[in-house]
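Two complexes, one shared chain (chain A), two partners (chain B, chain C).
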Partner chain A sequence: MHNRVNINVHHVTRVEGHGNIVVNVADGRIETLQWQVPEAPRFFEAMVRERSYEDIQTIVSRICGICSITHSLAATKAVESALGLQVSEQTDKIRILMHYSEQLQSHILHVGYLAAPDFFGVPSVVPLVAIAADVVKTVVRVHRVANEWSDLLAGRTTHPVTLRPGGLTRIPTEKQLRQLKKTLKDTVPDLKIIADAVLSVAANIPKFERQTEYVSLKQTNPPTYSFYHGGITSTDNNGQVIPIERWHEVTNEYVCPQSTAKWTKWHRDCYAVGALARFNNNSELLSPMGKDAAKMFGLKKGCCNPFMNTVAQLVECFHVVEASIVLIDQILSKGLKEEKVTSAPRAGKGAGCVEAPRGILFHEYEFDKDGNCIAADICIPTNQNHANIQKDFEKLLPEILGQSENEIRLKLEMLVRSYDPCISCSTHMLNVQFVR
Partner chain B sequence: MTQHTHKKDVVLGLGNVLMSDEGVGVHLIARLSALKKNFPHVDFIDAGTAGMSVLHLIANRRKAVIIDCAEMQTAPGTIRRFGPQQVKSVKTLTHYSCHEADILQIVGICRQLGQSPDEIIFFGIEPQTVAPGRALSQTLADRLDDYVDAVCKELT
Partner chain C sequence: MDRLRVAIFDFACCEGCQLQIVNLEEEILDLVDAVNVVEWREAMSESSREYDIAIIEGSITRPEDEKRLEIIRTRAKTLIALGACATIGGVNKLKNNFDLTDVKRYVYGKSANMPHLDTAPTKAVDEVVKVDYKIHGCPIDRKEFTYVVRCLLIGKRPEIPEYPVCVECKAKGNPCLWDYGQVCLGPVIRAGCGARCPSSGFRCFGCRGYIDNPNVNAAKDVIERYQLTVDALKSKMVLFGSGQGPTNA
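So, the complex of A and B:
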């Protein structure tokens, strides 16, 4: 064990946004060990106030440049709930298909560009090109497929324009959907190449475990490995599912001095969200290829190694591609029809919840009778992981104190990266009132 | 979905439209897209702050024209045409984020992967104002037609 360790990572690299790791060990005793989030607040909840219900999903999509479709979908669902709007089965299915595109796009970005350098022992994707060019080429190919898939359904790769409360402003043609299905089928061999490459370096994934609570969506009717419908469950909730309208009972947000982002807790002092949480709550519902991928890596329900979140993301890449092929067949079998999007303002309050690639995401809005927003509350997944990251640190550091300072730093950084945090999204301001 | 396996040309406009002149590349794509019928062999793409996505947007193209705001130590509003070999980046990268990319580095990765376009041309436009704001500075706004002409000349 080292008597003296002093680590100040300011900021962690290959994550979205700014987070610091501070470690001070003196005389073999841990004096400071903190996961800090110093990112400035973003004020989105204030920005949407007094804006029309029709504008909300467009504004909040800007919270993130990676999971903008997810934010738009959560907002659209919340607005529709507040206004009592129902959408058609066709709209619902196309939105889910759109959402899958973002899961693939975000996961492949994280697995291929952000996490893979750790597994291959290089500092970034740039040197990775020199040692694994074919794998990087494959990642680029899959990333392109996912981005163009988003383009087709969302109108843009990032910051969608086709979502409206009550429906979609544009739908793809049957020909485009058939082409997409072919493209997705052709992508499966590429996913296998990426999975084989990650498996070849899987020995570099740290073997660390800490029991915690895993929170995600769960859809029971019909049972689905859900990113979009259902209620909230957790590994500590005895299989019970609670309605998304009660999300505040889950998140219990609180302020922590070391973080500009709020922290959350439910049954314990922290919980985790993301691909591993979804897997731990729903793995029996994965598609056949998703199950095969999990088996390949020995990933089993109940896994509590946070470093395996990246593997769970890879498993989900297979799942969303296979589930999308099935979904496209379902859409095509009913035939596509143009639908008019109609909505009307009314006073109301509603919550919307979807799984972002990084975990469960909550949006809630209240509108006056003219449909103008009077209150907003958003809780994003990375918020919900901050306390869990801190608790992981507290278990991991004593276990690795015998290693060199550089190795300790790398392990802690890898741990943060395994959560695929989107720190810029997770910071939001305390409740403030503007003096008029 | 767009098929990039055939060798079409691409024009990418880079930048952040919320930071006034920093978004000039994107403003130009909006103008150039209106002329699309004159250039059927060209995809005009608003790449915004796309970061690593630029890799697959330019991969295997015949020609890639990249328009971006550039600090070149010239007078504000100046447009300069150059190839990747004519410049070196002095941008400090921290690898904090996938949004934080150095376009020259991405072009380098593309070359290393053997997927570089046959020809890459940059148009750098010297900013007047890089600060929060959605409008271009008057200096750049007054010259938008010149910029469009310069890019169109490159495509014919």
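So, the complex of A and C:
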């Protein structure tokens, strides 16, 4: 065991946003071990006040460039709930199809560009091109498919412009949807290439386990591996699902005594959200290819190795592609029709909840009779994971204290990256005190 | 010839403009061959203290970030502001329409006075340091990004459109969204985006900033013709246009 370890990772690389890791070990005793988030706060909830209900999603999609469709969908659902707007079945299905495109885009970005370099032992994707050019090109190809898919349905790859309260400004043509279906079928072999490559280095995924609570959406009617509809559940909630309007009962933001940081907890002192949480709550509802991918990596319900979140994302890539092919068939079988979208302001309050690629996301807004926003509350997935990351650190560090400082640093960084944190999302950043 | 050393830095933003660089897909492999990327925290673990081109994403919202930006400026021969947060302040400037004490209290409640939550009025990059080039948009247009980089590689000044979005929108044959009751900022916003939003049936909300000499009289005519109020127009202009400075570099 080392007597003295001093690690100060200022701004962890290959994550979205800014986070620091601080470790001080003196005389073999851990004095400081903290996951810190120094991202400049942006105050979205204060900024949307006085803005029209029509403009909310345009503003809040800018919370995150990687999950902008997710933020826009959560906001649009919340606005529709507040204003009592119903959307058609066609709108609902196209939105879900749009949402799937972002899951694939974000997951492939994380698995291929941000996490894979760790498994291959290189500092970034650039040297990876020299080691595994074909695999990198496959990752790029799938990433492009996902982006073109977003582009088709959202009007742009980032920050969608087809969503509006009550419906969509534009729908794809049947021909475009048939082409998309073909493209997605052609993507399956590429996903298999990526899965094989990750499997070949899966031995480098650290073996670490810590029991925790996993929180995600759960849709029971009809039973679906859901990213979009349903209520909130957790591995500690005995299969019970609570309506999304009661999301504050889940997040229970609290001040952490050791760091004055505000984190979230439900049944225990921390919980995890993201692909592994969705898998642990819904894995029996995965598509056949999603189940096969899970089997390939030995990923089973109840897995509590946070490093396996990256594998769960890969499993979900197969699932969203397969689920989208089914969804496109459903949309085409009913025939596409132009729909007139109307909305009118009224006073009201509403919540919207969807799964971001990195975990469950909550938006809530209140409007006056003219449809201007008077209150907003947003809770993003990465903030829900901060306490869990800290607790993982506290179990992991003593287990690896015998390793070199570089090894320790890498493992802690890999742990943070495995959560695929999206720190610039952080609307509610109440972070840790700097102790030195 | 040595390849130009390029570093990419992010400040307060969603990092969606960096993502557009990643979204170049196959082209990015050629790009990293043509230049020497020496620092890019979101994608790489390496860092550097010298660079020919610094690309700045995000707006500046804290005194310590102003200092960091000033240091980057001293190390960079050329500095590019990337995306609306950097070029005009973007949605982050909505904050400046409120009292900042109120803004902090609204989001952080009784913890609002903790030092790390301190915030200053949002600034665009050129309100802090000299900016050589601006790549507009929220997010940026990938083609425009590679065009500007290509120009810099051959030592040519990039040409950015000096006409409004309406020009590109009309050329695409889109129906005018004003006729559909939408308050669209196309008449006063700088083109170069290919009128992406109006082409999807969504009003232009001004992410590329105002053109240098907007035709104010024409805008007044439009307001009159569609019987709209200046307030309705202002409520849309405020999204990306709060306290906006000049948009040419």
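Simple rule for what comes next: the second predicted complex is superposed on the first by the 418 of 436 C-alpha atoms of A that agree within 3 Å, B and C clash if a C-alpha of one lies under 4 Å from a C-alpha of the other, contacts with A are read in each partner's own complex, and residues count from 1 in each chain.
Quick note on the criterion: contacts are C-beta pairs under 8 Å (C-beta built on N, C-alpha and C of every residue); 3 or more make two chains touch, one makes a residue touch a chain.
Note that the coordinates shown come from a computational prediction; the quantities given were computed from them, not determined experimentally.
Overlap between chain B and chain C is detected when the two structures are superposed via chain A.
Looking at the shared chain after the overlay, A:V140 reaches both chain B and chain C.
By the document's definition of touching, of the two partners only chain B reaches A:Q179; chain C does not. Once the two complexes are laid over each other on the shared chain, residue contacts for A:V125 go to chain B and to chain C alike.
When the shared chain is aligned, chain C comes close enough to touch A:M47, but chain B does not. Using the contact criterion defined above for the overlaid structures, shared-chain residue A:R170 touches chain C, although it does not reach chain B. Shared-chain residue A:T162: touches chain C; no touch with chain B.
Of the two partner chains placed by superposition, only chain B is touched by A:W149; chain C is not. Contact with chain C, but none with chain B, is seen for A:I59 once the two complexes are overlaid on the shared chain. Which of chain B and chain C touches more residues of chain A: that partner is C. Taking the listed stretches 25-33, 61-69 or 97-105 of chain C in turn, the superposition on chain A shows a clash with chain B for 25-33 alone. In the superposition on chain A, the residues of chain A contacted by chain B and by chain C overlap at 11, 13-17, 65-66, 109, 113-114, 123-126, 129, 136-137, 140-141, 143-144, 147, 157-158. Listed in rising order, the residues of chain C touching chain A in the complex are 10-20, 22-23, 25-26, 28-29, 32, 37, 41-46, 61-62, 65, 90-92, 94-95, 97-98, 102-104, 106-108, 111, 114, 116-117, 119, 138-139, 196-197, 199-202, 205, 235-236, 238-239. The touching residues of chain B, counted against chain A in their complex, run 1-2, 4, 48-50, 52-53, 55-56, 59, 94-99, 105, 108-109, 112-115.
Of all residues in chain A, those touching chain C in their complex are 11, 13-17, 38-43, 45-52, 55, 58-59, 62-66, 68, 109, 113-114, 117, 123-126, 129, 136-137, 140-141, 143-144, 147, 155-159, 161-162, 164, 169-170, 255, 260, 262, 424-425, 427-431, 434. By the touch rule above, chain A contacts chain B in their complex via residues 11, 13-18, 65-66, 109, 113-114, 123-126, 129-130, 133, 136-137, 140-141, 143-145, 147-149, 151-152, 157-158, 176, 179-180, 183.
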